[in-house]
């Protein structure tokens, strides 16, 4: 009975939104609803059509509490105190003074004693992976990543009044600047040339003279949102009377058509070499005498002929392109990048992580798989597992054993025996519906239960009712 | 007001002992008092004289609650539920059935659902580094390591009724088996030969026919302690009617005179080569014709002469041995092995970890070093830092940035400028006395305060009163 | 005044042919004339049109002396005696008996004492790089490599009467079997399937039952030639009354259009990513939900759309393909594979290798570069150097410092300053004409001479007259 | 009928000496005779007693032809022309002008054209391993290495008139400067301090002000010899009217008692740890509190006790020292360093390298091992093989497969089965006597012959008569 949140997220606090979302059965719906809340009141459909990857957007709200609960300076302080935050790894201390950008990280652990000392002397603080320390940020990003189909990351920035922490630059990601406390003066500039539009890598630091005039200049206040695409130069500085705390949510790093082609094109050539003898035929005996840079100005009919044949072979390549396999290569990178799911209490209770098996009265209680043919199961998240064909064998890649620390764990997978592949695919495609174990397309009841147990133990599925 | 705990630790619970120890100002005293409690009522002095490295010892107590609070099956279950315990890394699943020892670790995280399933089917569980998950075990070992001057480790073993988890074998460490719950039948056997006395490496698994008859056979009950030196073969199995939980505290792995000589002897040769030209003189032109295995049966007066000169050079070596430098090499390994100090609330409050600097009211509060000339300071632990000379420079090695996970961090150190070395040594030797900063043997007040701030920021010293 | 050798190479001995070729000024002409002699009387033009990469060809000659001078068993024996031939590196000892192929290489140097013992007991001998030991084979292949535009290699095979040394198999190179002594019974079989036509890698050993019936069966006698393309299965065995010695000249390993595309296609994508924003645009948010192997059976209009856009981008790729740069990448591999030029006495005398600078009468004689503006120079070989653009800088890659041992040296090159690039290109394109140094398109006479001296010292150019 | 060369080597040319030595059956005698010729007329016995490793020595001869035939500028030129001499690898171009030492090596091959150009402009030339290019130098050093029991190396130095090629410095080897052509002004200086006497490593370049006054200053003329031990600073420069060519023969790099101790001492500790429980006993619990650099000034009776026990253990070490095994470790390094034997024609003819097995008349001739029970055999050199025990197995290490290029080959060895070990030892100890195969202490005639064949094939033994 999810409430129709699209209608009423106006003024909805994050706590309330997340509580609502916990009642939504489909993680993809959760993702789109949370994203809609993030950019409210702009309709997501309009945003992706008109703004995304195209131009900056300011969403002012005059509601300083809108993003309350996502992160705070109090949480920042708590993390420094309780967690092992390391300078240079988890926290950067920076400054940008008189046109010069500096990093001031000492070695070792970042404790409040020294961190707040840096801050008091005018340094900015950037926490690099707040999702590893803040359960709320983890939950937030783990939902959003299903909206983007690409890793959702975050950095937190805390800036003292009257200072600037970073030089003007552009990034290689789509950026959502979520203002949490105080205010910040932002200037955003167009990409400097066509080549800087949607760039593949971040820029170096620019001097003020290199970047022209801003296309957007604004003071972002708590509750406001600022979006800009990769390639848009930006800089933010604090007004004299207020500190600023914001979190930048990012996505779409190396997630372009060209990045997919980088997987696809060599694979296509491999297929072509196997299947089409034209690709295996020898080059002309004399091609080195008229091709190559030193011959590029030659007028030689053989050049035309050579280029034409080369072009023909390139054009034929598309016909050999294993697009789905290349997408899976890309998908595997995404699965590796993914945050593990942050479970709701209900999900927790119906999955292996919250199983009632426990020690008590001097012996284990509630031991033993109690999944049976009647048990109804569902993937724990739409995107938590993916069936890929790695040459001969079928592997199931999954995210539930990932770490909240980026790539701390290897990409996890296990082999799916051929006789189980249909059942796993059935389960994936059935999402978000719960399906009863006996409906698995397996040969025997025993196999159905064995598969369900395996997936349950890996945390990939949950049951409709706690076991 | 520390109670004189040596007099009354009989029946003292661990909670009470640790509370008492928190009031003891000297960490070495804490260590010896805790060790005395561990082996009560045997006096430590007698133990180290008569038993340590010599023979097994049983301390029965008929007080099942004696070790309460160190660890429990409830804690085991909690850890599985809340922490990221990985099979094969943090937890082993084993069995020893019909003379065959097996390991059953699946990949991935060890959750109660599967762990208790293994246990219920008769497998033993060994948690490899409980100090990383249990603050109590961490505290316990971090105190004890100062008693041993060698890493204090621990494994937890949980065994189902009527089973045995491991084959007979001996280890390369001194072992204190602390029985926590249930009971276990133990058999301990003498080393099989002189070569197995105090061995350098652990043994393979033995069959029952290889080990003879036990020199000690006992049923260990909760509250009892069993000690045996490295090299003593041992095996433990559960009675049909009771599970067993024990923690084995270990120390003195590779901590022998020979291990120190392995540092010392090459260093001695290096010094001798530098200082004594006899070591740099050329070998006889013809020594290869009468020395070497193929000539070892030759009767040749040159052999005697050669062996005599070689012996003379070996004997002179002791005169060049840089013993203190070699001890420091060994000490550095120990500092790297050490658990970081587990601070008492009082220590916490007076050190960088509990500093009152914090975010509040929109800005950092209590910022800025407030150590001054009058501040009284003390090393946070007797053994938390050590001044070593690495060739040209003086380094201070320290344990306060170590991880509770073994060797997760590199050994930490920083250079001590020559003008600060005396002050650091002064501080180390002053322990456990607090000393006032102005008493540091430094040239200026500013230097004294700078040094104190540096050591305070690294967590190496605490102040007499919270700053 | 080279004799028109195409008209009269019938019956021409190798010695005479090579003497003739030494008077041919253009190394490419030398190459084609030598190749024509190799396959005489079949016209090279016909051969490359009808036979090359298509089908086996036997050229019987009834002239056992035709290939005399290329290699011999006497030369084989001399090499074993005088050179450091290592089993496993330079020489393989093999047998194929009762359908089983074995290798018998002991460790260490292959001396006649053991080599002829192996031979006498029925083993075949394969010398892997005769060009490193035989100046004649080196000369022969170094000329031929310019015909193929791809590395020309050689193996020598010596087989005892009545034996077979190798199992049926196919190779990944075009093979010219040059029968030198004795005779051998050959059977050649069609590729087993379309996939085995012009294969990229060699086959495993086949059993007789896997290969069907031969398409060519013949007894090759001294002076005869047998050609077969890669992918054609073959086996040869000796008749009971005669040993066999042949050399297999090979080329076109990994020299196909596809191998060039493997350089071109990633480069094309790199250019496209830089120049065309369409390649940098983000993938659809939801593509992972309908693309990939697990979705490949889905009927979803978005799949069509996605595939269509992907196809469009692939098709556009050809427009960004830097063909000349990719050819240069391939050319660089060839230059690295090349044998260094085997110079004629006349070439030697007019190049740095035969310079008259020498020690005499207690001091160096004829020292100092005497190249002047009037000196006429020529590349020492058409293909001995190549100008390539490596990103920012222009490099001249060259073969004259290569080793006769495959890849013993790194690929050699040096940077050509921009102001010299035109002159180097001028020199390369002028080939085979000698050009006078003052005609170099450089700014100053000093630069012209400096460039000529540099190229002369590297052995890349020679002078019209000995200096 | 070797002429008694010790009596008449006065005026004996190198050719004559080497011819004489070829008739000497024992390679150790050859070595001592050749060394005696090198330092004639100083008796070797006196030299090694009074001079070796002690002080410089000049042997003037007024016989410019004395060393003729060892090396020459003509040979230098020939090598540049015919061999692949690489700058930086085989040849260094150096200068020392105005107190500044420079190296001028270009990349690539050193041909006369550029080498003599460097020389003419005042650069010195150092050929680094003439033994790889000159058979005479190879032969010379391969004989001498048996005199030293340590690698004999050589560098050739050619210096233009009026120049100096190197700054003052000392080396880490015993040096014999053999003046071959022209003359050179040498200055030799005492080691600057006791620490520089017989040093382990070479010095950096010194300035003239650092080295004081020479203890020896002389003009070395062709035919003269100059010896100085490692640690003696030296510099040589050419007079204005003459070039200089000399070869420096070197030995005893890292061949000191201390270098052997570096093998012995860790091995001794290993044995002690295994055999003596005192070494395995634990360190005192509290040793870190009174030992170590930070405690070195403490007056603590425990320090004395600790040092005393440590000293006792160090002193006991000599009793566990496996001297012969350590000598073998050193010997193995020497065997790896050794030049392969340069065989005389007679040795060649009676060894595997000159075996009469050869190809002829269309088939191998003289094939098959013809060693029989009556064959008389001898090691080809006293020091060409060594029997060592590597833990469980016995290995025979040997030099006959070494390369003339330093360490181009791995150290060669093969396992000797236990039943052959006595026979190999018998053969080694019988040297220089020939022994008949049937006298081998093996179980059967077949084994005796098999062993002889194996050693013959490896080139380790030769026969009394050519097979």
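Structural remarks
A, B, C and D label the chains in the order they appear, each numbered from 1.
Following the convention adopted for this analysis, a residue touches a chain if its C-beta (ideal position, glycine included) is under 8 Å from a C-beta of that chain, and two chains touch if they have at least 3 such contacts.
Since we're looking at a predicted model, the values are computed, not measured.
Using mean Cα coordinates as chain centres, the one most removed from subunit C is B.
The centroid of the Cα atoms in subunit A and the matching centroid in subunit D are 64 Å apart. If each chain is reduced to the centroid of its CA atoms, subunit A and subunit C end up 49 Å from each other.
A straight line joining the Cα centres of subunit A and subunit B is 42 Å long. Counting only residues that touch two or more partner chains, subunit B has none. Taken as a graph of touching chains, this assembly is arranged as a ring, one closed cycle with exactly two partners per chain. The list of touching chain pairs reads A-B, A-C, B-D, C-D. Residues 73-74, 76-77, 81, 84, 108-109, 111-114, 116-117, 119-120, 181-182, 243, 352-353, 355, 357-360, 362-365, 367-369, 401, 403, 412, 457-458 of subunit D are the ones that touch subunit C when the two sit in their complex. On the side of subunit A, the complex with subunit C involves touching residues 28, 48, 52-53, 147-150, 174, 194-195, 197-200, 252, 255-262, 264-266, 268-269, 272-275, 277-289, 291-296, 306-307, 309-311, 313-315, 317-318, 321, 323-325, 327-328, 330-331, 334, 382-383, 386-389, 425, 428-429.
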